[in-house]
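So, here's a batch of structures to check.
Both complexes below contain subunit A, partnered by subunit B and then by subunit C.
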Partner chain A sequence: MDRIPILRMGQFLIVSIQVDMHDRLALTLQADLAARISQTGAHGVLLDISSLEVVDSFIGRMISNIAGTSRVLDAETVVVGIQPAVAITLVELGLSLPGVRTALNIEKGMAMLREATAGFEEADAAGRNSLSECDDDSAAL
Partner chain B sequence: MTVLRCETMPVRSQQDVVAVRQSVRSFAVAQGLSLVDQTKIVTAASELARNTLDHGGGGTARLEAVSDNGRTGVRLTFEDRGPGIADIARAMTDGFTTGSGLGLGLGGAKRLSNDFDLWSRTGEGTRVTITRWK
Partner chain C sequence: MADTSRVVRSDGGRIARVLEQDSSELLDAWITAQSGVLSNRGTISATELRAQSREFLSLLKAATANGPTGTGTNGPAWDDVRGFLADLSRSRAVQGFSPSETATFVFSLKQPLFSRLRRAAGSDADALSDDVWNATLMLDELGLYTTEVYQKSREEVISRQQRDMLELSTPVIKLWEGILALPMVGTLDSSRTQVAMESLLQRIVETGSDVAILDITGVPTVDTLTAQHLLKTVNAVHLMGAECIISGIRPQIAQTIVHLGVDLEDVVTKSSLADAFRMALQHTGRAVIRSAPPANARAREEA
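Our next item is the complex of A and B:
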């Protein structure tokens, strides 16, 4: 496999890593995700790593980079499904994934994303309202 | 110390690093290590194999199922004939890197193992041996 699939669901992108990735594959995913966020204007990324049995410093760095790049592109990232043994090992390795939001499972992760991006929806709604007010004004004139 | 089983694998490509992770996992399972201990030694192996490839220019990984005074474990040796490490104490320090990494590999591999031994000489190469006991 030379690419991890990225699925789109509304304003969110969903990635589920199902293979033991070699380093280049991880770098490709990082670049693909950044490109997809900017193409789609997605406001959230859900990264499911429940199938990963190992997260070493390289994959840990990839996860941090994805969260950092997404933020710069105006999208929130939530990492879901970290296995307990992986979490214990990550901390001992010295990686605490600063700035990365995590949730226990996909359902909780989606809820977290919806909450984190609710502001975007309000902003969009506000944008529509002011637009219709303008329409009203012009109609009144 | 008795070696019950051993296997030597090449570490010359990123795919080899993946193969080392998978073989270390099966050694750890066969030796009866707990899931957390399996994860620790596989993660340490991943760090050391990547160092062998990226810093040492490639080399080998030797996997051994060992037993000593009734306890069993997995011992791993990563060896290369690369440039060696000029300042070992500095290389072991978290955050020190001569590349683009986080500088967590060596220190992390030591914390994730029960025994850790590093030999290196400039111009000759590097050898790291770790053991995780059941």
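Our next item is the complex of A and C:
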């Protein structure tokens, strides 16, 4: 396992980290995600770290970097499912992730993303390719 | 060292003999000496004191008769005596005796014992001074041991109370669906904040709450360290994806915070828990409305 899958759902990308995060994996994820955002024109990224039980300062900074990169590429990032122990560790490390949106779980994170990207939907409905593709996907389901 | 031990060994027998021969007379004299000190305490009855004293004397007798006293009172022969004294000082610590009152139990034996030793030694001044020296060493060691155990058991009581306080002080209350409150009471040190933070975050996960209110009405003083602990908690709650409101900031504390230059810019603060609750309701899209006018207004209308 040397890659973390990036799933697409409508105009959002979902990344769920289910394995122990090591440094190389985090760097790969950052590069992959940036590529996927520009490729798909996604407006929102949902980063689920509910299975992550251990973080160090490097991973903490990577989360912050991923969020920063996505924002530059015009995609809102919501980090969801931070475990209590992880939250305490991050605070003790002095990483309070400024500028990163957080939500308790995927459901709330999705609601937050929809709210944040409400403006884009109208623009997309006016004729952008990403939304028409996503309609096709949902029809196939 | 070798010299001392020789002296003790040669005279251990004489102390044991004195304890053996005059035991009932010694017991009476000792109890009189003790009750002089303990006269103002109603916590221990005369019979109990007598039973304790008798038991100690018989244990002491056995220890001095059996043991090689050259090793002081640490040898295996003294285990029973030390065990008895440990129990005694533990029970006295619980009963509320002062340390000196507890140690007096042993030290008050000196005077009656010395007078018996003087009688036994007769005109032999060298033997008497040796005996007194040995008895002093023995009783001092036992007395100090008593004080040590007393101190230890008091410390146990204190640390147990601290643990209890730690658990008591961190109840996380569910005010409404999705709204939690953590009323903090007492001084906020690192370990207490840690426990409070952990239980709050855990409850946020369990209940899926959106808002957490940190009420510090019961916190007597806020210094930079306390403020830092509060900020840490607020940050951690933010990371979990919930809002955090600090409430119950008293006027003096507000002034202190400003004087200290603590930056609470990014933190939502309210003066009372009620205000914080109202804001939390607003945040979750709710409001409290009055279904009927208050009783006194109704009465005025009717009149």
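Heads up, the rule we're going with is that the second predicted complex is superposed on the first by the 122 of 141 C-alpha atoms of A that agree within 3 Å, B and C clash if a C-alpha of one lies under 4 Å from a C-alpha of the other, contacts with A are read in each partner's own complex, and residues count from 1 in each chain.
Here is the rule we use: contacts are C-beta pairs under 8 Å (C-beta built on N, C-alpha and C of every residue); 3 or more make two chains touch, one makes a residue touch a chain.
Just so you know, these numbers come straight off a predicted model, no measurement behind them.
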item	value
Touching partner for A:20 - first (subunit B), second (subunit C), both, neither	first
Partner chain(s) touched by A:67 [first = subunit B, second = subunit C, both, neither]	neither
First, second, both or neither for A:29, with subunit B first and subunit C second	neither
Subunit B versus subunit C as contact partner of A:56, first or second or both or neither	first
Subunit B versus subunit C as contact partner of A:75, first or second or both or neither	neither
Partner chain in contact with A:92 - subunit B first, subunit C second, else both or neither	both
Subunit A residues contacted in one complex by subunit B, in the other by subunit C	83-84, 86, 88, 92
Subunit A residues within the subunit B interface of the complex	20-24, 53-58, 60-61, 83-86, 88-89, 92-95
Residues on subunit B engaged by subunit A in the complex (per definition of touch)	14-15, 17-18, 21-22, 25, 35-36, 38-40, 42-43, 46-47, 50, 94, 101-102, 104-105, 107-108, 111-112
Interfacial residue positions of subunit A with respect to subunit C in the complex	79-80, 82-84, 86-88, 90-92, 96-97, 102-105, 108-109
Subunit C residues within the subunit A interface of the complex	194, 197-198, 201-202, 204-205, 208-210, 232, 235-242
